[in-house]
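In C-alpha cells below, several structures.
There are two complexes below, and they share subunit A, which is joined by subunit B in the first and by subunit C in the second.
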Partner chain A sequence: MRINRRFRTVIAAITSLILLFLLFSLSDAPAYAMHISEGILPAWWAILWFAVSMPFLFLGLRQLRIRGLHNTQLKPMIGLIGAAVFIISCMPIPVPTAGSCSHPCGTGIAAIFIGPLLTVVVTSVALVLQALFLAHGGLTTLGANVTSMGIAGAFVGYGTFILVRRLSGRWWIAAFLAGLLSDWATYSVTSFELATALHGSAPFGKFFLTVLVAFMPTQVPLGILEGFLCVGAYRFILTRKPELLKTFSDNIA
Partner chain B sequence: MKPVFELFSDIFAYRDNTLTRIDPRVKLVLAALAIIGIISSAEFAFPLAIFAAGLAGLLWVRIPARLILVRLAAPLGIAVVLILLQSLLIGSTPLVSVSVFKWKLDVMREGLLHGSLLGTRVLGSVSVLLLLSSTTRAHQIFHALRWFGVPKGWVEVSMLMYRYIFMLMDQAGNFMDAQRVRLGYSSLRRSLSSSGLLAGTVLKAAMDQGTRTCEAMELRGYKGYIPFGTLERISPKDLCILGLASGAIVIAYIWLEWRVL
Partner chain C sequence: MKIALATGLIIVLALGIYIGLRVSDSKWAGVDESVVEKFAVEANHPPWEPLINIERGDLPLLLFLLAGAAGGFTAGYYFRSLFPPKGKG
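The block that comes next holds the complex of A and B.
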C-alpha cells in the first residue's frame, strides 16, 4: 500500500513533467511566470491570501504617499519603473528543458531598485493588468499572486541582494542570487498556495512536493536565467548610468 | 515580445457596441458576481453556463477566436496539470487502472471529478475576465475602481503604468528586433547577454522618460496627485441592466447549484 502511494506520487510527477513539456513545446503561446489562474482557488483561500497580502500593500501605499509629499516626482517615477518591470516580465527567455520560451517574474530586479514595499504596489498593478488583458492570474487569485510574486519574491530578492553585497562585496554575485532566489521563492510559495488549497484528502506534504516537481522543468532553469538577467540589467545601469542607482537607493532609504 | 504586444491591448474595447456602452461600474459588479458564483460552485453546470455565456458574448462582439484560444491556453495549461495531479493523488475509488511495468496506477474518481470542476471554474472565470477586458477600456476600469474606493495612489500608479507600458513595449520591441538582426539570440549564452542588455535598456529608458514625464506634468500643474473628478450617476438604463443581469446570475446559480427551482 505504502509502495503504491509513493509510486502514484512519482508517476503523477513524471506524467505532469511530460504534459508540461508537451504543452510548452506544442503551443506557440508564451509560457508565463507561475501565476495562479482565475477560478483555481476556492473562495475561502482566495479571501485568506487577500488578507495576507493587504497589510503589505497598505504599507507600500503608505510609503508611496508619505514620500510623495516630499517628492512629487516619486509617483510618476514608480509608474514608469512599474511599466519597465512589466515589460521585463514579458521578455521571452529560452528555457532549454521546456523547449520553449518562458518569462521572468521581474520582482527581484524591481526590489533591488525601488525597495520591496514599493515593489509590492507595482506587482499588484502589474498582476491586475496581466489578469485583465492577458488572462494570466486573476482577480480572485490576486491576493495569492501578490503574496508569492510581490511579497515573497520582492523581500527574498531584496534581502538577498543587501546581505550578499555586504558579505561578499561583489555586486554581480548579489544581483545573480537576488534574481535566482526571488524567482524560486515565488515558485515555492505558489506551490505552497496551490497545495494548501487543493490537496483534498491527499497528504499536504505529498501534494506540495508533487506540485513542486511538476513545475520544476520550467521554474528551476528560469530562476537561473533570471539571475543572469538581473546581473545583465544591473551591469548595464552601473556602466551606462550609475547615477540612476543613487536615485534608486535614495528611494529605498 | 511581439506575441505579448499583440495580446496586451484594450483595442477591442474602443469599438462601439451594446456591451461597450454599458457603464463600467455595472460591468465590474456583474463580473465580480459571476466570478464569486463560479469559485463557490460545487457543480459543473454553473461555471459551464457562465463560460458559454462569456464565449457567446466574446463572439458576439467579434473577438477573434484565435485570440480567445491563445488567452485561454496559459490558464488551462496550469489547470490541466492540477487535474492530473488531483486524479492520481486524491480519492479512494479507482475509476481506471493502468498497469505500468509491474505496478498498477489508479485514476481516482473523486480526484478526477474535483479536478474537472477546477477546469470548468477556470474556463468560466477566465471567459468573464476576457469579456470584461474586451468591452471596457483600461482607464474606465481604473476610474470605476477609484469610485469603488480603491486607494488613490494605487489607481494613479496603475494609470501611469498602463500609459507607459505601450511606449516602452514599442521601444523594447524595436531594440529586440535590432538584437535579432545582429544574431543576438542565436545561442543560449548570447540570448542571456542580449536579454540582460534589453532589461537594462528598458529600465534606463523608463527612468529617462520618468524624468521627462515629471517635468511635463509639473509644467501642467501636477502637485503630486492626479485629480480624478467625479463619475456621472449610473443611468436608469444601466441600473436596469444591472438588476436584470445580476438577477439572472443569482437565479442561474440557485437553479444550477441547489436545484431548487
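The block that comes next holds the complex of A and C.
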C-alpha cells in the first residue's frame, strides 16, 4: 500500500517536472494570446466596449452580494473558479496544427458552475490582474476583452449548457458543447471587435471573416480541448459532490 | 488504474508536444502576435507599450511563475474548503 502510494507520488512528481520543463521551454519568447493588447483599439471603440461591459459587471456585483447572503459556499466557489479562470486564460498552449500558441478561456466552465453574471465579475478581475502585472491584454482594451471573454464566452457557454441539457438530457454533451462554443464565441467576438475598429476602407464583413479565419487553425483544436476540460470538471463535481451543482444551479437565475 | 492511465496520457501528451516543438520550425508566437497585432499594424494601430513593461530579461518567467503559484495556491485553498478530505467534511 505504502509502496503504491510512493510510486504514485513519484509518477506525479515526474509528470509535474515534465510539464514545468515544457512550460519553461516555451517561455523563451513570452507567448500571450487572444486578449487585445494595449492601445490597439481607437479611443471611441475602447470607450464603447467599456460601456457595453459595465452593466454586466454591475449586475454581476449585485448578484454576488445577493447570492452571498444566502449561500455560504459561494465565496469559496467564486475563489476557486476565479483562480481557475485566471490561470487558464493566461496559459499559452502550443497548437502543432497551427505552429502558434493560444489559451483556453475557462469561462464556459465558470458559467456552468456560478452563472454568467458572476463569470463576468471573476473574468474582469482576472483580466485586470493580467493587464497590470503580466502585460497580457491592456487597460484601455479591458472593456473589449471583458465583452469577448467574460460576456460572450459566459453567456454562450451557459446558454448552450442549459439548452443542450434540456434537449438531449445528457450532461456530458451539454458540458462539451458549452466549453467548445464559449471558446469559439470569445474569439468570434474578438474578431468582431477588431473588424469594427480596424476595417478602415475595407468591407467590414470581409475583414471580419479574414480575422476569424486567421484564428481558426489555433482555436478550433483549443475549443475542442476546452470542451473536454469542461466535461472533466463537471464530471469531477458530479461524482465528488453533486449537491454543489444543485446548490449553485438553483440560485443562478 | 485510472491514475496510471491519466499519468500515461499526460506523459504521452507532454512527449508529443516536446517532439512537435523540436521538429517544427514554427515561431510558436501567441495569436495576439500572429493575428491581433498583425491586423492592428496593417491598420496603422500598433499596440502601445504595456503600462508595466515586463519584457526585461527573465522577468516574464518570474512573473508568470508567481502568477501561476498565486493562482494555484488560491485554487487549492478554496478547493480544500469545498472538497475537504474524507473525515474532515
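Quick note on the criterion: the second predicted complex is superposed on the first by the 195 of 253 C-alpha atoms of A that agree within 3 Å, B and C clash if a C-alpha of one lies under 4 Å from a C-alpha of the other, contacts with A are read in each partner's own complex, and residues count from 1 in each chain.
Here, contacts are C-beta pairs under 8 Å (C-beta built on N, C-alpha and C of every residue); 3 or more make two chains touch, one makes a residue touch a chain.
These numbers were taken from a predicted model, which means no experiment stands behind them.
When both complexes are overlaid on chain A, the residue A:Ala135 reaches subunit B and subunit C alike. Applying the stated contact rule after C-alpha superposition, one finds that A:Cys90 touches each of subunit B and subunit C. Using the contact criterion defined above for the overlaid structures, shared-chain residue A:Ile151 touches neither subunit B nor subunit C, since it reaches no partner.
In the overlay built on the shared chain, the residue A:Val125 is in contact with subunit B alone; subunit C does not reach it. By the document's definition of touching, of the two partners only subunit B reaches A:Ala233; subunit C does not.
Judged by the touch definition given at the top, the superposed model places A:Leu225 against subunit B, while subunit C stays out of reach. After overlaying the two complexes on the shared chain, residue contacts for A:Leu117 are found with neither subunit B nor subunit C.
Once the two structures are overlaid, the count of subunit A residues touched is higher for B than for its counterpart among subunit B and subunit C.
For the contact definition in use here, the residues of subunit A common to its subunit B contact set and its subunit C contact set are 8, 11-12, 15, 19, 24, 27, 29-32, 34-42, 73, 76-77, 79-80, 82-84, 86-87, 90, 92, 94, 96, 129, 131-135, 138-140, 194, 198-200, 207, 210-211, 214-215, 240-241, 244.
Contacts from subunit A toward subunit C in the complex involve residues 8, 11-12, 14-15, 18-19, 22, 24-27, 29-42, 73, 76-77, 79-80, 82-84, 86-87, 90, 92, 94, 96, 99-102, 129-135, 138-140, 190, 194, 197-200, 207, 210-211, 214-215, 218-219, 240-241, 244.
Residues 1, 3-4, 7-10, 31-32, 35-36, 38-40, 47, 70-75, 77-82, 84-86, 88-92, 100, 103-106, 110-111, 114, 118, 121-126, 128-130, 132-133, 138, 141, 151, 153-154, 156-165, 167-169, 172, 185, 188, 191-193, 195-207, 209-211, 213-214, 217-218, 222-225 of subunit B are the ones touching subunit A in the complex.
Contact residues on subunit A toward subunit B in their complex (touch as defined above): 4, 7-9, 11-12, 15-16, 19-20, 23-24, 27-32, 34-43, 46, 57, 61, 64-65, 68-69, 72-73, 75-84, 86-88, 90-94, 96, 109, 113, 121-122, 124-126, 128-129, 131-136, 138-140, 194, 198-202, 206-207, 210-211, 214-215, 225, 228-237, 240-241, 244, 247. Of all residues in subunit C, those touching subunit A in their complex are 3-4, 7, 10-11, 14-18, 20-21, 24, 26-40, 43, 45-55, 60-61, 63-64, 67-68, 71-72, 74-75, 77-79, 81-83.
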